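Per-chain numbering from 1; labels A, B, C and D assigned in written order.
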Amino acid sequence: MAVLRTLLYLLVYPGLLFLFVYGTFSEWYDRKVYARLQNRMGPTHTGRFGLLQPVADFFKLMAKEDVVPDAADKGLFNALPAFGLAVVATSGLLLPVWNFSLAAPGWTSFSGDIIVMLYLLSLPTLVLFLAAWSSTNLFSTIGGARVLTMLFGYEVPLFLAVLSPAVLAGSWRLAEIAAFYQQRPALLLVNVLGFLVALVAVQAKLERTPFDIPHAETEIVGGTFTEYSGKKLALFRLTTDIEMVVASGLLATVFLGGFPGGALLGFASFVIKTLFIIFLLSLIRALTSRIRIDQVVSFAWRVLAPLAVLQLLATILVKGFLS
Amino acid sequence: MTDAELIAKLQADLGGRIEIDNPGPRRLFLKIAAPDLVPVVTRLRDAFGVVFLSTISGLDLGATFEIIYHFSTPTQDLNVRTEVPREAPRVASITPLIPGAILYEREIQDMFGIVVEGIPDGRPLLLPDDWPAGQFPLRKDWHYDRPVEVIPGGES
Amino acid sequence: MSFNIPIGPQHPALKEPISLRMTIEGEVITDADIRLGYNHRGIEKLAEERNWIQNIYLMERICGICSHSHATCYVQAVERLMEIAPPKRGMYIRYLVSELERIHSHLLWLGVAGHEAGFDSFFMYVWRDREIVMDLLEMVSGNRVHYAINTVGGVRRDLDETQKARILDGIATLRKRSEYYLHIGANEPSFVARIAGVGLLPKEQAVALCAVGPTARASGWDRDVRKEDPYAVYDELEWQVATADTCDVLGRVVVRIKELLESYNMIEQMIKKLPAGDIAVRAPRKAKPGETVSRYEAPRGENIHYIKANGTEKPERLKVRAPTLGNYAATVFMLKKGFVADIPLIFAAIDPCICCAERVVTLVDGRSGASSLVSLSDLRRRALDRPANALVKGKAEWPF
Amino acid sequence: MRIAAFLPELLRHLFKKPATVDYPFKKIALPEDFRGTPYLQPELCIVCKACERDCPAEAIEITAVGEPAEKRFKMVIHNDRCIHCAQCVDVCPTTPKAMQMDSLFELAADDRHKLKKDWVYVRAVIKPKAAAPAAPAAPVAEPKA
C-alpha cells in the first residue's frame, strides 16, 4: 500500500503529471503575459484562450522525427533529456507545498533540503552543457561554452541571495524557513534586495532575455539545442518549463513567506505566488535587450555579487539585533 | 562655384586633354583619352576636391567600349568618359586614388570584359563561379534565349 | 592563427542570400570578403528589352522597401530625356510618397536593429507604429509595397481633402512615437550597451570609401543629395540634413530617427503647399537620343541611374547603382574593427538591401595569407574569452 | 541612461486591446481604390491591344478566334503573372474603361491554371459621336514592338 502511495506521489500529484500540467500552464501564462506586454495577442486558437498551445507544441515535437547526428556520442546524447527531466522533477518534490506540516514531515522534508534543492537546480545547467558538447555541432559547442561561462557569473549571487533568508530564519529546512517568516512577516522586508538579485539570477539560469545568449538565434542558430529534435527536444523544453516552475516556487518559499494554510489553501497560495514571480520574469524578459557574453559576466560580478553580499550583511545585522 | 566658373577653371587647368559639355544644370561631361585617365583623376582629386565616386558605367558602342566615371561634389556632378577599342579593351585602375572604386571596376571587368590594369583584386564577382570564360553579359552581341515557361499541372 | 568563417548565404541573421567570409585572428576580424550574386536578376540586361513604361515597374522591383526610390530616380531621368516637365502638383505628390516611403523604411530598419540586438519588445512596438504609415501609403497609392504611383510625366493618382487630413494626423501620432523611440533607443541600458562603440567608421574612412546615406552622415559627413542636387521640390522646403558624429551604430540610430522627424516636417509643409492643377502630362512613346544621370536620396543613401536613349521605345543602356553597394566598402572597414559577436549588428547597421545591390558586384579587401575554412561557431567560442583590453571600446557618450 | 526605460510603456499596454488583428477570422477594411486583380468588360473592348503591349509582366494575351470577318477575340489574363500595377487600366483608351481593377488580393491557388481568366467576345463597335461620321475606326494593327 505504501508503495502504491509513493508511486502515486511520484507519478501523479507532485510528480510528473502535475509538473507537466503546471509547467505547460506556466509556459502559456509566460507567453501570454509577454505578448500582452508587447501589445500582441499571444497564443489564442488552441483550446480556450490558447491554453493548450504548449501542450500542442509538446505533442507535435513528440511526433516529429528524432535525428541523432552520427558523429554524436550516442549514449550520452540520448540519455541527457530524460536525465535532465528527472533532476528537475525530483527538485520539484522538495517544495514545501505538499509536505508543509512541521509535525509529521514527509520523507521529502528534512533539514538541509534547501541545499539539495539549489544543487538539483544547478544540475540542468550541467546537463545543457553536456547536451551541447555531446552533439559535436559547432554552433552547440559555442552555446555550451556560453552556458558554462554564464554559470560562473550568476551562480554565486544566486546562492548568496537565496541562503541569506535561511540564515535569518536559522534553519536549513524549507518548511521551517517558511513557517519562520509566516510568524514574523515584517522580516520579509529585510530580504527585498535578495529577492531582486535572485530574480535576475534565476532569469540567467533559465537563459531568458537578456541572458539568452546560449541560444541566441540571430547569432548562433539553435545554440545548445541545435542538434536536438523530436522527442528529445520536447523533453528539453519541458525540463525548462518545469525548472521555471520549481525555481519560482523556491523563490516564493524563501522570499514571499512560503504557502500557509494546510493542503488546499497552501496549494492556492503556491499557484498565486509562483504566477506572480513568473509575471516578474516575463517583465524582465520584455524590458531588456540581449547583452553580450562578456557583459553578462561583468554585470554579474560588478552588480549582482556585491548586492548579494550586502544582503547577507543586512541579514547578519538583523539577526544580531533579534537575538 | 557655378557650372560656368568650374568649366573655366577646368579649361584653364587641364586645357587640351579634355572636352567639356554641360547638358543640364549641375551636370558636366568630360571626355578624355584613355591614357590620360589617371593623371586627370589625380588632378581632379587634388585640385578640385573631387573625392566621391558614385559609380562607373560601361557602354558597348559597337566598335569601342565607353567607360564613364561618375564623380560628384557637393555642387556639381562630374562624369569623366573614356573610350577603349573593342579588340584590346584595357584601362588603368583608379582604386589607388579612390579606394571605393574597386567595386565598380570589377563590375565592368565582369560584364564587359574590359581588363583593368593594376586592380588590387580582380577575382570574378557577380557572375557564378562556373560562368563560361569569354562570355560578357552586358555586351550587345551577347544574347540569351528565354526558356519557354512550362506551368506544371492542369491543362495549359 | 587565422581562421576564415563563412556567414551565409543562408543564416538566421541574414534576411537575404549574401555570403560574408571573415578572416579572423583571435577575437578581431582582420579581413572580410562579401560575395554577392546569389539572387542576381540581370535587371540592366532586361531593361534593354522593355519600353519606357514597362521599365518603371521593373525598376520598382529592384528593392521591396525602397521601390519608390528607384522608380522616381528612373522617371526623373526619362522625363529629362523626353524634355517634358511634369506639373507642380504631380511633383509634390510624387515626393510626398517618397518621404512617406523614407519613414516606412527607417521605422522598418529601427525595428530590425532592435531585433538583431535581441530587444524584441522595441521591435514589436516600432513595427506596430509602422503600420500607420503603411496604411497611409495604401490609401494614397492603392498598395502597401509597390506603390506604382509614378508614371513618365507625373503621377497616376490625386490626393483629396480627406486623404490629406488623414495623412496629417497620421504624421502627428508618428512624430510623438518617434520622439519616444529616440528616448528609448538611447536610454535603455542593455540596448545602448549593444550599439554604442560598435561598428566604428571614422569620418576620413567614410570619405575615402565613398560611404553613402545615414552610414556616412552618422560619421559627421553631411552629404545628402536632396540638399546638394535638389530635384523639383526640395529647394522649396525648409529642412536640415540630420547628422551625428559618434561614428557608430548608436549614431546611425540617431541619424535615422532625426531623419524621420525631418520627414514629418517636410510632409506637413508639402501638404500645406500642395498647388492645384493636374497631376500628369502626356508623355511620348519614344525618347530622343541622348543620355542623362539622375540622382536621388533613397532611405539608405544616394541612388544613381545613368540612362542612354537611342531614339527608340527602349533604352540603349540603363545603369543602376543602389545605395547599399556604396556602403559595402565601409562595411568591410567596420567589420575589420568589429568583434565576432557584433557581426549581425554591424552588418544590419548599414540597413543592407541586398537585393538592391544584387545587380552588381562583390567587394573584397586584400587577402592575408592562406585561410582554412572553419565554421562560425568555432569563432564564437573565441568570443567568450574576450581579452580584457577590449580592443576599441570607443567612449561613445550620448551626443545631445 | 535610465534603468528599465521601457517599463511604463509596457505596463500601460498590459490590459489594452492587442494591436494585432486575428487575420483569417477578422479582416481589416481595404481602402476604396485598392489595386486588386484586373478584369475585362468584354462589351466595351475595342481590341486595340494597348494593354497587351504595355503590360510589364506580359500577363494579357489577346488572340483572334474563328475567321477574321466575324471579329471574335479571346482575351486571357494570366493572373499568376500579373503584378497588379493597373497600367492596363491607365492605358485603355475606351471611356468608360474596358479594363477595371477589383479589390481581390487573396489569390492563393494550388494550380496556376486556376488563376487564368479568359473571355471570348466580339469586338465592340465605337458608338458614333452625335456629329462624327458613323464609320467604325478600324483598329490600327499596332506592330507588336
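Criterion: a contact is a pair of C-beta atoms (placed from the backbone, for glycine too) under 8 Å apart; a residue touches a chain by one contact, two chains touch by 3 or more.
Note that the structure is predicted; figures quoted are calculated from it, not measured.
Of the two chain pairs examined here, B-C and B-D, the one linked by more C-beta pairs in contact is B-C. One simple way to say how far apart two chains are is to compare their mean CA positions; for subunit B and subunit C this gives 23 Å. Averaged C-alpha coordinates give centres for subunit B and subunit D that are 41 Å from one another. Averaging Cα coordinates per chain places subunit A and subunit D 57 Å apart.
Centre-to-centre separation of subunit A and subunit C, using mean CA positions: 44 Å.
Those residues of subunit B in touch with two or more other chains do not exist in this structure. In subunit C, the residues touching two or more other chains are 121-122, 125, 128, 188. Taken residue by residue, subunit D touches two or more other chains at 6, 10, 19, whereas all remaining positions touch fewer. Chains touching one another form the pairs A-C, A-D, B-C, B-D, C-D. Looking at the complex, you find that subunit B touches subunit C at residues 23-24, 26-27, 51-55, 57-60, 68, 70, 72, 74-75, 77, 79, 98-104, 106-107, 110, 120-121, 123, 125-128, 137-138, 144.
By the touch rule above, subunit D contacts subunit C in their complex via residues 1-3, 5-6, 9-10, 19, 31, 33-35, 54-57, 83-87, 90-91, 145. Of all residues in subunit C, only 36-37, 40, 42, 44-45, 80, 207-210, 223, 228-229, 290-293, 295, 302, 304, 306, 308, 316-317, 319, 321, 325-326, 328-329, 359-367 touch subunit B in the complex they form. Per the touch definition, subunit B reaches subunit D in the complex via residues 151-156. Within the complex formed with subunit C, the residues of subunit A that make contact are 37-40, 137-142, 145-146, 149, 209-210, 212, 216-221, 286-295.
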